[in-house]
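Letters are used for the chains, namely A, B and C, taken in the order the chains are written, and counting of residues starts over at 1 for each.
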Amino acid sequence: MIDIVTLFDYLGTFAFAISGVRLAAAKQFDIFGAYVVGFVTAVGGGTIRDLCLGLSPFWMIQPSYVIITALALLFTIIFRRWVVPLNVTFFLFDAIGLGLFTVVGLEKSLAAGFPFWVNIIMGSITGAAGGMFRDVLINEVPLIFRKDIYAVACVGGGIIYYILAVCGCPSIITQFITLASVILIRVLAVQFDVNLPSLRPLDEKMKKKQ
Amino acid sequence: MIDIVTLFDYLGTFAFAISGVRLAAAKQFDIFGAYVVGFVTAVGGGTIRDLCLGLSPFWMIQPSYVIITALALLFTIIFRRWVVPLNVTFFLFDAIGLGLFTVVGLEKSLAAGFPFWVNIIMGSITGAAGGMFRDVLINEVPLIFRKDIYAVACVGGGIIYYILAVCGCPSIITQFITLASVILIRVLAVQFDVNLPSLRPLDEKMKKKQ
Amino acid sequence: MIDIVTLFDYLGTFAFAISGVRLAAAKQFDIFGAYVVGFVTAVGGGTIRDLCLGLSPFWMIQPSYVIITALALLFTIIFRRWVVPLNVTFFLFDAIGLGLFTVVGLEKSLAAGFPFWVNIIMGSITGAAGGMFRDVLINEVPLIFRKDIYAVACVGGGIIYYILAVCGCPSIITQFITLASVILIRVLAVQFDVNLPSLRPLDEKMKKKQ
């Protein structure tokens, strides 16, 4: 039997892969292209984290992530009428995945001996960089840079993780509260349509600047 | 004297670099930009493979790939009228390169001790990821995601490689059949205009989904 | 007290981050997105270099680069009316950063035992790849591929570095002349509007070629 953390990890991977496959479908990618975009969305953040930490990418250890991405692709093809009505479900899976990926990134970076601010960055990269790569591959300006509280939920979770760890909170409770915080920040931000302030263009000629 | 594998490797690199330089020319890049795009097309896939496997990027060991890319750029500039009529020749070089890069990726991943499904992914990344990076750099939706059997030929070759290896086929024969398979799949797919099915957009509002 | 090299390194990082934040502002990114683009512009080149050399990314060792990027973002928000009038100042900081990053890349690659041509590539990646990643993230064709002498100044500096090293020039003088050369090439090229020749499109149908 797989434990509850693994289950959430797989649900999060599934939701991330679905988001990649959907956006690939919007650009009429073929099924292989959609698979690649789904896979990169699901594992891209963790891969960059592992390379920065000097580790083997996590998805090369066992084939779950390759298989789950294939299931996400199949699901999108076979049950395509269900995907849009299930938006809220996928949003929740995605939020759970975001929280769990953040905790995994924090833990892996801590275990590799890095200081707290690196851990927070690694947690955020694990959660949010996959969506950034996805948008680069489908040739769009990354959505997480323009709208919504997304990566900021990871940063918030990372700061809460650090505070709890400094206060001597037991590891399992720290992890759980961090996970819950990321999910809560993300869900509440979308629920109440909270966005970060946007920057305004500085000048018309700026693109002549290197 | 260089052996036949090295010759094919260099021809493939040349063809990959030409494809990068041509697309850079279409966007009116300067000669340095065209060189970078050609180089990334030629060595990008193998570089990601080597980083994932924990190895030094292969092109840092000896300068052939840097030199071949320069030759591809020079060729495109000096013999620019020949490039389009030579389309079929470059297509064949490109297919040979795709096959050879796939075999090299499979072998390197196997030698690093990874299981067969990682080897297949590494073979495909070696063959196809350079073209993906090329299209990201010229700011286009990656062509290999929308049209043609390209990366799928690498996956097909990887599966054939695995079956032959399991059957105890001698290494050199396995490599040759894999190489031939990738080239054949690629050439036949283009010859008979075989494409993977494309996905259709799921909904109009999908891009509001994170 | 921080020494002069560290001061220039920080000024260069600041100028690189400002250029990322400005272009993010032009696309109306939110403040987090602008931070990410600024950070990637400032540290992206050095990160690729360190991964290729098998080292930990330099910005994970101490938090200066994370802090300087935050200061660049704050500066752009608070003193936004000053940014455009300070164009020349930022251009000079940027040129100094380009030169210094090139020297750092050359030195790190040399210390890792690579031959001179790898060192030149690593110096150029350190100086110029951050701007390439920046343009990919804001979904524009990389500016350094189309206009201006930019990465070529790094290559020029790398060649001068190599010639001086072969001639037995003391290390500190070699570094200083290399730094000055990169800055001078960059400044003179912009001053006299020197550009590399651009390639012309080869054919109309080229994008059908894989």
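The rule is simple: a contact is a pair of C-beta atoms (placed from the backbone, for glycine too) under 8 Å apart; a residue touches a chain by one contact, two chains touch by 3 or more.
Remember, it's a predicted structure, so these values are computed and weren't measured experimentally.
Per the C-alpha superposition, chain B sits rotated 120 degrees relative to chain C, a value rounded to a multiple of 5. Copies chain A and chain B of the same chain sequence form an interface built mainly from non-equivalent positions, shared numbers / all numbers used being under half.
With each centre defined as the average position of its C-alpha atoms, the distance from chain A to chain B rounds to 29 Å. Looking at chain C, one finds that residues 51, 136, 139-140, 144 touch two or more other chains.
Listing the residues of chain A that touch chain B in their complex gives 19, 21-34, 36-37, 47, 51, 56-57, 60, 63, 66, 76-77, 80, 83-84, 87, 90-91, 94, 131, 136-140, 143-144, 148, 150. On chain A, the positions that touch chain C within their shared complex are 51-52, 54, 114-115, 117-118, 121, 132, 136, 139-142, 144-147, 151-152, 155, 195-203, 206-207, 209-210.
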